[in-house]
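The structures considered in this document are given below.
Same chain, two partners: chain A is paired with chain B first, then with chain C.
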Partner chain A sequence: MAGADRLGAPAGAGRLKALLPRRPGSILLCLLGLLALAAAVAPSWLTPYHPTQIDARSLLQPPSWKHWLGTDELGSDVLARILYGTRLEVAIAMGSVALAALVAVPAGLLAGYRGGRADYALTIVADAILSFPIVLFAVMVVASLGASLGTLIGVLGIVFVPRIFRLVRGQTQVLTEQGFVRSARSMGAGTGDILLRHILPNILGPIMVIVPQLMAVAILIEAGLSFIGLGVQPPQISWGSLMLVSKNYYVSAIWYPLSVGAVTTIASAALVFAGDMAGNAINPDRRTS
Partner chain B sequence: MTALLQIDDLSVSFRVGGAELHAVIDVSLAVRAGERVGVIGESGSGKSVMARSILRLDDPRRTRYGAGSAISLDGQQVLTLPDAGLRRLRGQTASMIFQNPMHSLNPAFTIGNQLDAVLRAHRPDSRAERHRRILAMLTDVDLPGPEDLVNRYPHELSGGQRQRVMVAQAVLCEPALVIADEPTSALDVTAQDSVLEVLGRLNRDRGIAVLMITHDMGVVARFCEKVNVMYGGRLVESGSVDRIFAAPEHPYTVGLLDATPNPAAPLKDLVAVQGTQATRRGTVSSACAFIDRCPLATEVCGTAPPLRRLPDGHHVACHHAGPDSPGRA
Partner chain C sequence: MTRLYGAVRVLLILWVVVTVVFVTLRLTPGDPAELLLGPTAGRQDNAERLAEIRAAYGLDKSIPVQYGIFLGNLATGDLGVSNRSQRPVIEMIGTAAPVTIWLIVLSVTAAVPASILLGTLAAERRGSGRDATIRTVATVFIAIPSFWLGLLLLNWFASGLRWFPSRGFEPLLADPLAFAAHMTLPVLTLAIFLIGSFTRFVYTETADTLERDYITVGRAMGLSRRSILFRFSAKNSLTPLIIVVGVEIGTLIGGAVIVEEVFGLPGLGRLLLAGVMSRDYPVVQGTVLIITLAVILINILSEWLYRLITPQARA
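Then we have the complex of A and B:
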């Protein structure tokens, strides 16, 4: 066949190479992602300071070469506190979305493919969760179970379930009507085969778009909950709890709340952009360049 | 000899918005092993629903089969078969080719992977054996370079190539019957030609029976030995292709032929069948389904004519057809 070699799908190492980020934006996002993961796994590699190290001689110092983001009210390095707090943010973002996906993807597949009563019941539950104010829900849960990392992940996981569920259900409904699903059924494929082989691989794209966006939401909600005292409790450090403390020093040490706020903003913006880029990469019609 | 596929008094209806939609009404037809049988009719004539019923592909919660309906496929009662038996039947005893090849392959997997999944589901063959079989089958449907093709994704193939992959998938497990639901309607004439050619060869060489669902008289003339004409959910005429083209009995068949370009008489004007099919929602009229569009309609047509056997073995459902028709006074 003419042109076969040119059109041939990349094999082995070539295929891996195709996955590497090429544009400046995606390279920057990947570096940020690696930085966040490194901070979550081993923050001590990134900073010589310990986050709870108290130094009475250098309270609320402005940024310097020694302390890039200054020091806090106890003389601890702010950058070190932010880096050590990353672990909690990553745990909350990944944990809550993973928990939600674990419930919502199978439920969405089932509801979208089977339709009928199961679909009706699951959709009602999802809509009920969606219509409940997030903060009120969080206050109720924290008030009854106490504030902890597990509670936060649980609350956000429940909040995210209907968002993933609706996406998966809708995509599944569309795909179920597609020719290749009908064709697979006519060739004797069972329900499990159809859901796992013919539907799930084809909705991974839209799921990859919504996952980073929900992670951004998780980080922002954690910040909000911690800010009103419903997040993790000291000595655990999260960006939201840093914000809560730092706001007291916005006159005497403006860089302190600004640093924490900037990091939170950059992280959630990066995640939102990552979702958009995933969307563009998946849907060629929306590619801008 | 019993027929490979025997459909008896098949009625299919769907629940649509509180009303019953009668898609297929009392259709009976048979396909013997190795035969090429056509089903022709316009959109909404019920031909595709009839075809899908053979493998019971419609959603069981919305689909109702009439009380006396029976479909026997290779000796098995399709309409009462448990799901597991049904899945074994699909792909192995009979398989189906659909209209739109652009959507009939899973975009997430390579051609080889998809064909292999079908074989894995139905046969205990080893990996090497399955691979050999897939390559042989792709060659058999005139797809060049099968070693390369198995690593391709569907989007890398043309519509004609994809439809031939679908044909390969349909015959991969050597079914006795292939149901082709308008397999060429979405293709240009060259690709149509190659798909019909491949199906014809599989029929001749392997004795696979083909039930060809189409709205194209040209496809029927080229491909089929027998043809069934459907109108308004009913079978209105049935017989050999030669007989129908030489002397159509039902006024609808006459209309269809008058509306089909004939290369032998290119200057003859084409005549459209006037009007549209009556809706089959709610209760179905007891009159002949074609009464509103029929040039021959008289009072007797107020009762639906049964499918009658004419002396030469041809079947027609019209009061005005045949030498001794009750309507032809």
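Then we have the complex of A and C:
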């Protein structure tokens, strides 16, 4: 019966099943991702505390059953503050990468496929952005436009554009020379058709490798900018702003800076691992994990 | 012909960068003349003084004219004078740059051998517990926010154990011991990130190399494990590592900005941040220009070095 079941299953379900994580590492990563999304969408489901709830009787309490990660300088639950801060991190990470992809993928396809002057001009702009250290660029723009969620997403989006652009351009150049693209062209397929139906599907894999890695960079840059006073302003909570406040308590309440830093580290490490796994999935003969 | 092409390209990139910096700074709210005068700037009797300052720094001219003067000065190598300290910008950069260069050079020097050792040891036994441990540690190293790590080290080793001074800088020639003491923690902070990044790279390279025929032949000839790993394989990953250092130089300078801020090192990062905060246009423009130029030149240099030592890449 089991065999019949499998035979009877529609092909679509089999494909979906292939996407299910099997190895312990990928299961853990999926769970972390789901946790982050849940915290971003509905943090109140995950913690009974409110992040700005002040309690003068329990300032800077060490971790306990009541407050898993202790309390901060105003008596608020640290875990609740971290969970509520997740929304901003998810917004920054996903927003900036989505923005960059929206610009860089079409530009990279065009530059890689057409070449010529457009390619030259786009590559110079990309190289100019790349030769600008991300932190310097972010400091200048955020200082001039003011620190807000929109500015952060915009700045990171801009610095991520050349990183995705170069990848897409290079892959497109290689694919354009390959047999299946040439034959599609010789059969009269238009540029749009070739780019969207033949080239784009083949570069989605490499894009999925770079996307989580850029998200990790976004989280780390947000933290760095908050540290030099250019992060989001209160009452908005981000992990970077929590790290900035907690820096005064390394001696008196070490668990506070430790837990905020550990969460940030785990999140960005998980994203880097996710990128590695995507890389292994599209490149099975060069497995690195 | 290609060389000329390359030079035009570098100039175009620099032009894009300085223009972006110029425009961004002019968009920044806050009048540099008012910031310079301080809280009394708004008073009626100071209007004349404000006008004087604006005239002295060319801030009274229209923005396109300011842009033209700025480009003209750049072409003659003149980076201008700081609005705040009245010192020539090039001189301020000259004082700050050695700190940043030391920080980066020492971190890279510490990270390269450590990464080659770790990456090679992990790749030698792929899939083992040692491999998994080294690669997990390397990934965590690149994921740690550097200022947070810096503060942690500062509080443990400087404020707590008092092994190192907590902030500041001492020139090497003035007092070598104090120089070492001041640089240890900043270099460690930056090196930890680099070790993570380089180890991951060496691992991938070595994993490839160890499957090559000449390694198998070497093994069959009875070469020792050490000479296979470090005389033949590690040497192979050292070359592409030069490219990685070149490519990562931008990230490194970004990291150095943050690390300088944590440890109070008077390098380019602090110069730039202070300039941004006080709207000191010439300082910000000059520092960004020099840093960008350095990034581009180091990229070119690393590519050139790579070609020099790998004949196959010369084509």
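One rule holds in what follows: the second predicted complex is superposed on the first by the 277 of 289 C-alpha atoms of A that agree within 3 Å, B and C clash if a C-alpha of one lies under 4 Å from a C-alpha of the other, contacts with A are read in each partner's own complex, and residues count from 1 in each chain.
The rule is short, and it goes like this: a residue touches a chain if its C-beta (ideal position, glycine included) is under 8 Å from a C-beta of that chain, and two chains touch if they have at least 3 such contacts.
Just so you know, these numbers come straight off a predicted model, no measurement behind them.
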Which of chain B and chain C A:251 touches, first, second, both or neither: second
Contacts of A:208 with chain B and chain C, given as first, second, both or neither: neither
Based on the superposed arrangement, let me know which partner A:178 touches: chain B (first), chain C (second), both, or neither? first
Examine A:224 and indicate which partner it touches, taking first as chain B and second as chain C; both and neither are also allowed. second
Which holds for A:193: it touches chain B only (first), chain C only (second), both, or neither? first
According to the stated criteria, A:143 is in contact with first (chain B), second (chain C), both, or neither; which is it? second
I'd like to know which partner A:268 touches here: chain B for first, chain C for second, both or neither. second
Answer with first, second, both or neither: which of chain B and chain C does A:243 touch in the superposed model? second
Who contacts more of chain A, chain B or chain C? C
Looking at the overlay, does A:135 come into contact with chain B only (first), chain C only (second), both, or neither? second
What residues of chain B sit close enough to touch chain A in their complex? 55, 57, 59, 61, 87-92, 95-96, 98-110, 117-118, 121-122, 144-145, 148, 151-153, 156, 166, 169-170
Would you tell me which residues of chain C are touching chain A in their complex? 9, 12-13, 16-17, 20-21, 24-25, 27-29, 132, 135, 139-140, 142-149, 151-152, 155, 159-160, 203-204, 207-208, 250-251, 253-255, 257-258, 261-262, 272-273, 276-277, 284, 288, 291-292, 295-296, 299
Quick check: in the complex, which residue numbers of chain A touch chain B? 1, 4, 7-9, 115-116, 178-180, 182-190, 193, 197-198, 201-202
Which residues of chain A touch chain C once you look at their complex with the stated criterion? 124-125, 127-128, 130-136, 139-141, 143-146, 216, 220, 223-224, 227-228, 240, 243, 247, 250-251, 257-258, 260-261, 264-269, 271-273, 276, 286, 288-289
